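Chain naming follows the written order as A, B and C, and within any one chain the residues start at number 1.
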C-alpha cells in the first residue's frame, strides 16, 4: 500500500496535441502491472509523464506518500521511479560498464554500486563478458539487456519497462521475459508496457488496457485471456 | 635544420594557444549542440581582467589569472541562464543560439571597448626572456604556454573521463533524455560546461594577448580559427580538436614561413574546404552527431 | 484572395506610397536614409530566401553583397566602365561567386555551413585589408589591387548629378525603390512558386520530400544563385549610391546589423525582413545619440529578440491577430 504508484485524472501531451486524458490507475507495490494497448495510444507518453520527461497538465501522480507529478525527471528518479525507455536510449559512446554505472549515478545508488553490479551480472551474465565493449557496437538484444541492467543499477522502488520485447528475435524475447519473471518473483514493483497482449497477460498480476489515451479496461492477466473480443477489437489478436 | 626547429617551436606554441581556445568551444558544442559565438569576446574579457587585476589593482599574476578565469566562468553561466537555457528545448535551437551569442559577443566587446578604450595594451601576465638551445631561440613565454596547454588538456581529460561530473557531462552529450532518467541535472551540466568553456576562454585570451597585445576585438580572429579547427576535427570532438589544433598550428607556422603571414588565414580556410570536401563531418567526426 | 495576391497587392501599395515620399519629405537626410533602407531591405529579403525558405544557414550574404559592390567599383575605377554596365556585371560576378561557394558548402550539415561562410567573408576582409602591394600609383597615393584599407572612390555614378544637379539623390532614391520592389516581387514569386512549396515540404518532412524526388541540393543551389543576383545588384547600387566602397562592407558589425534585421522581422516570411530592416534602421537612428551605448543597445536588441520572440515581429503580429480573431470566429459560429 505504502509504495503503490497511483495515477489520478492524468492529462498530458505534446505541444498543442493532447495524448492522455482522464487517466486513473494504480500499480500495486510488489506486483507486476502491465499496460497494453494499440500502437500510438499513449503508453510511452504515460511512462514519460510519470518519469517527468514531459509535463503533467492536470491530475496527480503519487508514489506512496510522495507526490511525483510536477517534479523534473532527475527528481523523480531520486524518489525511486526508474524508467527503462523504449528503444533503450543507451549512451552510445560509453562502454557497457560505463552505461551500467550511469544507472547508479545518484549518490544513494552509487553507495551500493558494487553489490548491485554483481546482482545485475548474475541476472544478465552476458553483460559481464561485454563489459568493455562500446554500446554503439552491441546487438539489439544486448542493448536491451544493458538498458534493463542500467535501470536495475538505480535500485529504485518501481521499475518501468517500455516495450522490452520490441524489435527482438523470439529467442531473445524469451530470455528477456525470463529476466522479468525473475524480477517479479523477487517481489519487485514493475510497470510493464507491452504491445504484445498475450505476453503481458501471461506474466502480469494486473493488466490495464489503454485506448486513445484513457483507461478502457482493467483486470487480471487471466481475465484478459478470457475476453477474446477485447483482444480482437483493440489488439488485433 | 635550425629553421626546421624554429618552425616546429613556433608551430607548437600556436597549436597550444589554439588548443586552449578550441577545446572550450568543442566541449560546449559536444554537450549541447551550441556554437558559442561570444567565445572571442570572452577571450578578450579574460585578457583584460588579468590586465585590470595586475596593472589596475596591482595584484600578483596568480590573482590575475584567477580573477580572469572566475569572471569569464561567471559570464559563461550568465550565458546559460539568460540565453541558452530559455531556448534549449525549443525548435531551431542551434540557429537561434548561434545568432543570440553573436549579439551577446558584440555587446560584451562594446562594453570592453567602453571600459578600457581602443588603444592596445600590453598583457602583464607574461614572462620575458628566452632560452637558446642549439641555435634555436625559445621565448620562455612560449614554453610556458605549451606547458600550460598540456596541463589544462590533461586536467580536462581527467575531469571528463574519471570524475562523476565528467560522466554526467558525457552522458548528457550522448543522450540528454537518458541522462535525465539517470538523475543527471542537465541544466547544471550545461551551466557548468559553459563555465568551464568560459574559464578556458579566459586562459586562452591571456595567452593570445601575451603574444601580441590586448585589444577589445582581439578575440575575433582566434575564435574563427578555433572554429576552423573544430570543423577540421569534426564539431564537438574534444580530443580530436586538440590534435587538430596542434596540426593547424604547425601548418600555419609553415605557411607563415614559406608564403607569408598575410596568407596564413586564407590558406587555413582553403585547408578546411579541402577537408570538408574530403570528409564532410570533419576528420574525427561521425555521421550521427554523438560526441565527447 | 490567395496569399500570393495579397502579397502582390501589399507590394503594389508599398511601392506607390514610397513613390510620393521624396515629395512630402523635404529633408534630404530622410530621403537618403530611405535609399539605404531600400538597399538593406533588398539584401535581407534575399538573405531570407536563402535562410528562411531554403533552410541554408549561410552567413555569406554580406560577402556576396560586397563582391557586387567591389566588382562594380573596380570596373569603374580601372576600366572606366559605365555604371549602367558595371552594375549588372557586379551582380553577375556575385552570382558566380555564390555558385562556387554553394557547391563547396551546400552538402554540409547546418552549423558547418554557417562557420564556413562566415570564415569566407572574414578571409576576404583580411586579404583586402592586409594587401599593401601597390597595383597602380595614382596621384592620391599607392593603390592596391583591391583598394586596401582605403577602398575605392570616384569610380562613376548613374549620371543623376548632371541631370538633376543637387537633387541627384532623388534619382538614386527611385533606383533604390525599383531595386527593392523587384527584389520583393522576386521573393513573392519564389515563396509561392513550386520551388517555395518544395522547400516547405523539405522543411516539414525531409524524408517524405526526398521520397517524392525533391532534390534538396539542386533546389538549394538554385535559390542560392538566384538570390545572389539581387544581393550583388544591391551591392553594386550601394557602391554607386555612396560613391565609396571599402572593406567596411565585409565587417562583422555590418553582418550583425543585417542579420538582426531578418531575425527581428521574422525569418521565412515575405514581409518580416522588410519590417525588420525598417525597425532596425529606425532603432539605429534613435540610438545615434547614445554614442558608445549604441553598439551595446544593438546587441541587446538582437539577443532579446532571439530569446523572447523566436518568430520575430511578424510572428508576434500573427499571434496577436489570432488572439483577436478567435472571439470573432466564435461569434460568427453562434
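To be clear about the criterion, a residue touches a chain if its C-beta (ideal position, glycine included) is under 8 Å from a C-beta of that chain, and two chains touch if they have at least 3 such contacts.
For each chain, UniProt lists the protein as follows: A = Branched-chain amino acid ABC transporter ATP-binding protein; B, C = Branched-chain amino acid ABC transporter permease.
Because the structure is a prediction, the values reported are computed rather than measured.
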(message) Which label fits the chain touch graph of this model best, line, ring, star, complete or other?
(response) line
(request) Please find the two chains that have the most C-beta pairs touching each other. (result) B-C
(message) Please identify the chain with the largest separation between its CA centroid and the CA centroid of chain B.
(response) A
(message) Taking the mean of the C-alpha atoms as each chain's centre, how many Å separate chain A from chain C?
(response) 53
(request) State, to the nearest whole Å, the distance from the C-alpha centre of chain A to the C-alpha centre of chain B. (result) 42
(request) For chain B and chain C, let me know how many angstrom lie between their CA-based centres, rounded off. (result) 32
(request) Would you tell me which residues of chain C are touching chain B in their complex? (result) 57, 104-105, 107-112, 114-116, 118-120, 122-123, 126-127, 130-131, 252-253, 256, 259-260, 263, 292-293, 295-296, 298-303, 306-307, 310
(request) Could you please specify the touching residues of chain B with respect to chain C in the complex? (result) 29, 35, 82-83, 86-87, 90-92, 94-96, 98-100, 102-111, 113-114, 220-221, 224, 227-228, 230-231, 235, 262-263, 265-266, 269, 272-273, 276-277, 280-281
(request) Show which residues of chain A lie in contact with chain B when the two form their complex. (result) 51-53, 72-74, 77-78, 82-83, 85, 89-94, 98, 101-103, 105-106, 110, 136, 150, 154
(request) Over in the complex, which chain B residues touch chain A? Could you list them? (result) 164, 167-168, 170-171, 174-175, 177-186, 290-292
